[in-house]
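One structure coming up, written as structure tokens, with questions to follow.
As written, the chains take the letters A, B, C and D, and residue 1 is the first residue of each chain.
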Amino acid sequence: MERKKLRGIVPPMVTPLKDGDTLDGDGLEKLLERMIAGGVHGMFLLGSTGEAPSLSYRLRREVIETSCRIIRGRLPVLVGISDTAFDESLALAQVAADAGADAVVVAPPFYFPIQGQELIRYYRKLAKALPLPMILYHMPDLTKVKFDLDVVRFAVDMPEILALKDSSGDLDFFWRACHITQPREDFSVLVGPEHLLAPAMRLGGDGGVNGGANLFPELFVQMYHAVLAGDISRIDILQTKIDQLGEIYHVARGGMGVCRGIKYALQCLGICREMPAEPFGVLDEEERREIERIITHIKNNE
Amino acid sequence: MERKKLRGIVPPMVTPLKDGDTLDGDGLEKLLERMIAGGVHGMFLLGSTGEAPSLSYRLRREVIETSCRIIRGRLPVLVGISDTAFDESLALAQVAADAGADAVVVAPPFYFPIQGQELIRYYRKLAKALPLPMILYHMPDLTKVKFDLDVVRFAVDMPEILALKDSSGDLDFFWRACHITQPREDFSVLVGPEHLLAPAMRLGGDGGVNGGANLFPELFVQMYHAVLAGDISRIDILQTKIDQLGEIYHVARGGMGVCRGIKYALQCLGICREMPAEPFGVLDEEERREIERIITHIKNNE
Amino acid sequence: MERKKLRGIVPPMVTPLKDGDTLDGDGLEKLLERMIAGGVHGMFLLGSTGEAPSLSYRLRREVIETSCRIIRGRLPVLVGISDTAFDESLALAQVAADAGADAVVVAPPFYFPIQGQELIRYYRKLAKALPLPMILYHMPDLTKVKFDLDVVRFAVDMPEILALKDSSGDLDFFWRACHITQPREDFSVLVGPEHLLAPAMRLGGDGGVNGGANLFPELFVQMYHAVLAGDISRIDILQTKIDQLGEIYHVARGGMGVCRGIKYALQCLGICREMPAEPFGVLDEEERREIERIITHIKNNE
Amino acid sequence: MERKKLRGIVPPMVTPLKDGDTLDGDGLEKLLERMIAGGVHGMFLLGSTGEAPSLSYRLRREVIETSCRIIRGRLPVLVGISDTAFDESLALAQVAADAGADAVVVAPPFYFPIQGQELIRYYRKLAKALPLPMILYHMPDLTKVKFDLDVVRFAVDMPEILALKDSSGDLDFFWRACHITQPREDFSVLVGPEHLLAPAMRLGGDGGVNGGANLFPELFVQMYHAVLAGDISRIDILQTKIDQLGEIYHVARGGMGVCRGIKYALQCLGICREMPAEPFGVLDEEERREIERIITHIKNNE
């Protein structure tokens, strides 16, 4: 990435699979081309929505290489390398650098909770060792690690760190982070939960890393521009659509509703297969019908 | 393991390191011999106390192979293969089987929380695919997955599953689990938190997987026999010692206090190095002095 | 109470109402006589199950006076005086003393959470000011205050405090509390959640304050004696019945399921009216049918 | 209140006390006059900051009557009547109406958590029975009741309800509530936590009910106007001051730090006594010095 500030909609790409350990290459290409055509501003591979921790390392490497080949530099590519083992994160980062990615995204190691100065020590050591710029990923629900503002202050002082992706859903934290990072002109603060895209931007955010953009990229790109333009009535209409879309995330029983919901909806739209990675299985008939209902409802309202 | 019921004290071995990715082989040997001499009833490699998720896969394989070579079948060996990726768990299980281990221990995948029938589906699929018998590992603080009793009922029906290690600290759950598994004579229920060894056994438990047994294996073996004998006054004395030992787990700031506390105490005792795996660093001077104080206090009281 | 140690089953009496502010005196008498005939060892008025905080002060005074008149000293009577306002607690305690009650039961003030030495200061000041002995009531789910063991140590040193009622459901705490209070021969530790009566007694408890004893007092008295006798197979049978009864506590939607479940079941049994105090309303038809089903099932199994 | 929309800064008044059950009338008058002179837009008696649940009913009545007499209609007066007992809330509301107050403020009953339709049923019944308009008070930390958006939708349909005071600290909820209530021109949404006054107003809020306005009313009135004017650099300066002030809330050990911090700071400023109501005691020497330090620092920066 030539260090221009990252702005806009950067979808966390789902990982299309044929089975638990086989990439659905055709699906991947269709998915990427559709999002690029939809006007998104970057692409984030191997995040939570991409089920990265559930994929074997071999498969993660394949996702990075294949996606970068398809994207061909048309967009900045961010690659998730979060891992419980330091050396495995480093190895993935090297794969990303070799494939031509622009930055890596790192949540704290997610088995043992880490806090305070230990977390900062870890991030500093990793940032110094990485072959690419780093983006902090705040995801307390899955990592059990809630950032305090000292982490944000640390990031501002590290030129190796160029953005914060905040998936905490805590707008108080988000607003503080925007305030603290304001002096660094090249630093971005992006919001994860898509229903918060509009209020997060009103509080100073630069865009969103929103899973729903796998399905309806234009919807999020339009919201991004509506907030920039301060078009209140358009924001209202788009917010209602985003909220409707959000219903599909609560359909799957048993866990990982966001990813399983999006994947089945993508299959309904003819883009890629629904197959999730272990430990999760495909949706049952009732869950599928409910997602079909929601998708039909959204499409009829377009 | 010839399917005799697992009983007694099965220490979750810490992993002695020279640096983040290098095994301290001499320390490992001293540590294992000391625990075996202390009368423990089995050995658990690559659990949470063993920092398994923080180790590279290469290093995890080395730990399994080296430890099994040192142990030479003198004790049942259990190997942790918990992982967020199904195929990586399978690969580790094969290493364990090839090295002569007796069983594998599996916590739920720990990034995306998994619940209900999805969790049971995962455990069933894994148990069927494994080359060794399986032990369930209940560790909600670190995996975010709290077992319900249906998981225990499922385990009773699976001959491939031979034990439950419960580190939840929830004695209500523990007692229910003992009750549900009672009909399976070869099934064990072992308690994780060492300060609960005595009450858990009074409620029907078969023993403990207690980190402190890395340091003072006799203490836990003595408690095991004291509870079997119903020797109340001896239980009291031992409980006080176990509680004193537990103080070292709260010294380290920043996370993973149990493992970092034990490792530094082991270094004080001349057994192995204190080096933790990333993302954690060594203790600071103040933390070290506090652990030295506790260890000296315990040794003076012996 | 002549300070003999409190032991056995002490039901937390529900408060039979005609409407939100009118006592159902006939129901109250039937209920009390049935529990006394069932062999319970004491009576606890105006606890959580008695909806005390939802009743006007006038009504609380009426409950104390009427119940003491009906009981006529046949059993020790404990009266809940927990309140957010110190002076209102004192005033209720005086009513209890004047009516001939034996002790008062006090949870921490439940609006502002209070901790550490402030909690102990409060309990000490109250104990010194009360006209009756005091029982500590540990109910973190409703008061947001989790006792630490220092509260138990403090209680042991106060002759004004004669028991701990632990409704935390945390058997680790319960077992520690039994251990700490053991030197005080006249001090009791009683367990709240009825499904834990058996394991809590195995860990050293003296009995239970169990809501289900409003409905089936003999069941809990039998369990108390079965645990004392160490009759494992009988404990098993009784535990199954207690667990079935516990299903009625999860039927009511909207809150306070324990009390609303018991009250409707008492109406089914012809003992008193179901009317709860505000802020809760009567059960809906579906909820009622479900409770009828459970009660019928339990009675058929007797 | 002539139903004009409530806007601006409405301080939740602390209750100056001579001892646990005696009002500090002189302190009360000084406090009220100082806030009125500071330009606040309304006054809220007997909220959490006012320690209402800790005061005897006699004292609560005295607070209402004395304060209304001092205020003499110069500002809208809101009176907290939250209580666990329905009839006690009604009785307090009548006192407020008789004293000339404008509205009452009601958090859910705070002992038994209440949810969903039961909560709405309660609020509807109370609103219909009250002699004054009602304001909903969302305070999940203390009541254990988190509003869902259906509560807000219900409020919009009830002309008896004229505002929501949201002390949840959840800006996502706040923003949604602003959106839902927008069609009701006379409906206000006010934010509790004072460090969120600026972002909450940017998301559509009408003002704040901020405890710090007891101490420095102008600071909050200035922030209110700065946000209305969109004066970013002034917002920045004021936010820093509000954050410094917020430090005094974390000084008191043992609980209720906000109120105890403000009260001691008010004593430092010569306005009223520090005495808190039971169950809390006065600050210790170390806590006092820390609060003095913070107050001096703020005053020096003015």
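Structural remarks
Convention: contacts are C-beta pairs under 8 Å (C-beta built on N, C-alpha and C of every residue); 3 or more make two chains touch, one makes a residue touch a chain.
Not measured: the values here are computed from a predicted model.
Rounded to whole angstrom, the centroid-to-centroid distance between chain A and chain D, based on C-alpha atoms, equals 39 Å. A straight line joining the Cα centres of chain C and chain D is 35 Å long. One finds 50 Å separating the Cα centroids of chain A and chain C.
Not a single residue position of chain D touches two or more of the other chains.
If touching chains are joined by edges, the resulting network of the protein chains shown is one closed cycle, each chain touching exactly two neighbours.
Going by the touch rule set out above, the chain pairs that meet are A-B, A-D, B-C, C-D. Of all residues in chain B, only 169, 171-172, 175, 179, 195-196, 199, 202-203, 236, 239 touch chain C in the complex they form. The part of chain B that touches chain A in the complex is made up of residues 20-21, 48, 51, 53-57, 84-88, 108-119, 121-122, 125, 142, 144, 253-256, 277-281.
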